[in-house]
């Protein structure tokens, strides 16, 4: 099921806006809806969300026309299927570096409920899949979006082949992991890092793949990447936006009131997701 | 039990800083701790928190030295006792207008576990309470903070008598309810509203009562009230800070990218709490 | 906020359809949406729902355009306000027998956030409420539906006066309580019981009040009452529909397979709600 | 419904054994079942249990033949009804001191679903209740146990009249509240306290009322009170038994290993419940 | 531990009745108990149940003598062990096609807590397992039921060898997956599909293996398969029975009241499980 | 982050005390804090804890200076990372028998967020890891404790090589699994079992590895093992301590009161964990 044309937007490279939601709270969805989001990013890799919470989140946001995009903990077909069963429209597999990984993700999302020996056969020989079954599976899985997390040097080096895998819809760049993998941990202003990101964005778009980068600090980064061609604007998270605003407001109030005692600042939250 | 000297600060009129927390999330407390808060405001009047969630919140923040202040749903001795059992250090009763209401709150918080007929007797004739019992009850309830929500014209008119009730520790001004009660709904810049707030602050402080005002918009309001004498800085809430920051960041990004489609803005959140 | 025109339908006596939902499950709302419901009835009087669950239910159904109608545990202004804060569009107070009870419910739902001394004054002297405040409160509470549970002989005897209370929008008849109050426990086919129900329906509609009856057995009862004029079709509950269908299917299968061992049948569920 | 003959045992003064359960954990019930308990005491006055947790606890223990006895937060008919709806077999109202309070509890538990004006009439004039309705209500509420918490000097002074209220089944003595009310806080060995407890036990039993005392320290107290006539053995709680055993085992291990650093000891837990 | 003789019934091919439960609700178990069920099917492959919910469900149904049968997400020894730790009596592994998969399931369920290198050795050379250990493990794991989901053409083709694996107790046929694998998606009336099911039933029973088919539409399918020899009657689910009954009742009421506006119908739910 | 010097104590072989916590309850942490614990053992292998519960537990105990040590369900890098994301300070992988397993655990805990191809390269050729990255990863993962569960004969036979793996910090002995693997199920007094435990303790300590054994019966076992050199005192669990104390107290009370009916006793709980 395509929520509010999200799949269509991804396939046509239309600009879409979202944030990472880490909190399962009954008031959150209506509130995010007011900010005019196209999707929410739900990260089961790093955020300790339960399966039932994930299902509440997916169903709650879908009901409002906001597409739920779920990152699974590791590239695994069973996890991809569980995310869809919980209501995800898109699934992100983290740290993909090899073509087989992307192919597995695509098959897990777009050939459900086929599995096992037969799925392997169809994957090796797609032409052997009967047309009637092909039609059924396309309808059954319509709207599902397959997204690869590109966040390492090996993935960067192998990028053209990765993007060529049939069925891949979009790429999420993981800035923290990528910076560490490049030996430039958290140096998001380093020219090599900036070059790498720009390269991924360009290559994705020229291959007809939607692309975005999830980042939890300055919104102007999203502007810059958007100007470079990123059409998925994945800006920050509830936890980062709240804690950054709280810290800066409190600092301002204390300083205006002449109270200089506390100088706490939240960590860079980008490290979390 | 006094968390991090909070009771002492309230009694001495020391500046304390807090925010309203509406989310029961395992990562929240450590994050707020970094912002250097003295207390959190947990509102069971308007926010649908379960009793077990309230207990997690109270114990979680206490463990970090942040005093949990709980607003009960209505002025009721049983609810006040349940808040303390859940781990609250302070209890706020909403919409207090009469001296008996404040007196009841004080007795519910500072004479536990006395109840019923005998408590009524001691309340009428405090001198009949045996010294040994007085000592026991003082130790048993040490650190408990009694806070009155002042948020209506009748309360305003009766303020001197309300502040004179023995045992009252602090006042929270409720701006939304007060503005409606004054016939100036949400007109927080109206001179009459500003005058009323300034009056409450002044009267509280001159009576040795700590005072603050919970407000969810501009931090500069807290600065102004702090300069007028409010020593409890109760700035905004997680839900307001997050949604305001998300909306403004998204607006900025969209506008910089030339995307003018969405103009959504979160409601004034002050209406909620 | 009016969900999908529900308030308008209630005020115009349009037919609306709903069921009682007792289960807080992420998959339920989308499923009920397919059955084309206008509202769900959420009963916090008898069903042990937590406040956070109630908020999930209210927000989840609202997002799909299904109005959440919440029965509070007893006629109490604080509970009515908490239901609205949790996301309820309509509030049912149980076992109402007196005009003041209905008036209190109306004021609790339609004059928020006014409370206390001033609300009492405006309730006694509605003409003293300033026009600007009236307008604000009407907008602030727009869409809220006040529903009285009529389920006893004293209420029946006092019905005309109860229905005359300004602001009452609808009546829910409670068949189990009413039958017990009439000394005809669970005798839903007794002519006196049928006459009483028909009388309430007729009187409500002739006073411009929407009316329905929540009943958990045969759907043909709803047809009959609908033909008598009930425009709120409040048919059964998830727990009743499931258990009735399970029991009848299992009985059928066992009997067809020649297995006569088990003859269990679910209790009349009407007793529960 | 009578769970495992619990109601019969209470009415005949048979010895019954139980503990206070504060934890809603899937493994607890089967474990307690092995200890051969007749009932569990679930305290919603002091323990922050949610309504859904209470329902899990009640249904879970009932399924194993262990009667769930629920203490409500305060003497209130709505709370008593909610406890029964959640699955409680017995309901304890705290701090009862007056005959009307006991009578209200009895009517709330044994005349459901009657309420309001008519219930008041039947309560004033029991002879006006029709026989057929009497029979229905007796069957509908069969097995429900009404228990009064006696825990203050005024209750002690009024005890004969309290025990004479028709329909009262049992008494729970609250040692902490009683000791405070007597001006002997936590002095459980004081001869006056011991005399008071012995007096309540004797008076209950001679009036055909079952009686017990919930206490969280030495099991030999239960032995002593059992020998004095208490037939309800309400020994300690999960939280007290665990923390006491952990503290004593840890102290033993540390001391045997020559590690004398830590001397922590859990508080008297009796204060909690 | 054998719940209510369930293991014995499976080993002797006795008729057993069950349904799929997707809802963790305190009132469900007692309600299902009235329908006379032998087991419940809890599906962690497709239904987003948390581990703690699974444990509540397993313990709750066991307490009532209803055996909990858990489908794990994928054939994996760790998941099988976790299901047993959560209280499952039987474990179903989905989409089994190879003998090693069935053998692994059997060893995971019947040789606990052996694992690792030694378990591999005993699995290769069962005769090397010491008799005393054999006896201990048999007692330790007594009652555990190993169930294979047969739901693909490769499994069908390999069926005789699969059924010959020592320790396999029962087979669940997965109709949706099987129909897709056969290239006949959801064509449950297709003669080839019917033939395949009948073949599996016959082959299982002639090999002393209990067999059933989980299906969520007409109960007469279960009758037909029961007559063909299926002794496990796994009829529908709570979610399917409720939504089907709600949709048909609402359609009936609307049509009788002349309201033809809504024609919604729930999807085939068989697709879900 | 090092909680209360726990990592330092583990590296220096200092005595540390802990228990296994199976219950996610808001009151537990403060209570355990009073018993002076250094760590809690949270077992996600056998105890059905949800991810969100695990995060509450980890953050709650950390806030009090008690280090949370989490056993993952099976040796798996993704699970190890999720435990750390949930707030674990130490991670125990169960049933380790091979050097690669220990090495994987170490890399999963101490080289985060590196993964995939590059991590494999650095693992094979540690000298190729740039110094700046090494420094970053050391700081990023500082305080993380890698613990191997040794609980089988193959592990015993391979122990010297296992302990030599660089980065391993501590060993937990699993008595139940070990006894079964040795063909001596639950024979904890068997001389061969005692010899094996003593051998592991000695070998660990002489290799600079901290060691403990989680056991749920007599505290004197911990004394004996402590005297043999075990510096991690992992004594019992909340569920075992509670049920043992409840059973013995109830037995005592019954016997003193001459009630000989019930002789239930909890199972050996050591089997559970």
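Think of it as A, B, C, D, E and F in the order they're written, each chain with its own count starting at 1.
Just so it is clear, a contact is a pair of C-beta atoms (placed from the backbone, for glycine too) under 8 Å apart; a residue touches a chain by one contact, two chains touch by 3 or more.
Model, not experiment: these values are computed from the prediction.
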Query raised in the report: Same or different: at the chain D/chain E interface, is the fraction of residue numbers used by both copies above or below half?
Result: same
Query raised in the report: In degrees and to the nearest 5, what turn takes the CA positions of chain A onto those of chain E?
Result: 120
Report summary line: Whole-Å distance, C-alpha centre of chain E to that of chain F, is 35
Report task. Calculate how many whole Å lie between the centre of chain C and the centre of chain F, each centre taken as the average of the chain's C-alpha atoms. Result -> 53
Query raised in the report: Just how far, in Å, is the C-alpha centre of chain E from the one of chain C?
Result: 39
Report summary line: Each of the following residues of chain B touches two or more other chains, namely 26-27, 48, 50, 52, 55, 86
Query raised in the report: Can you list every touching chain pair?
Result: A-B, A-C, A-E, A-F, B-C, B-D, B-F, C-D, C-E, D-E, D-F, E-F
Report summary line: Given the complex, residues on chain B that touch chain D span 50-52, 54-55, 78, 81-82, 85-86, 113-118, 130, 132-133, 136-137, 140
Query raised in the report: For the complex, which residues does chain E have touching chain D?
Result: 26-27, 29-30, 52, 55-56, 58-60, 62-64, 86-87
Report task. Report the residues of chain C in contact with chain D in the complex, numbered from low to high. Result -> 45-50, 53, 73-74, 95, 97, 152-155, 176-177, 180-181, 183, 185, 271-272
Query raised in the report: Where on chain A is chain B touching in the complex?
Result: 15, 17, 19, 22-23, 25-28, 31-37, 48, 219-220, 222-223, 226-227, 233, 235-236, 238-239, 241-247, 249-250, 252-254, 256-257, 259, 261-267
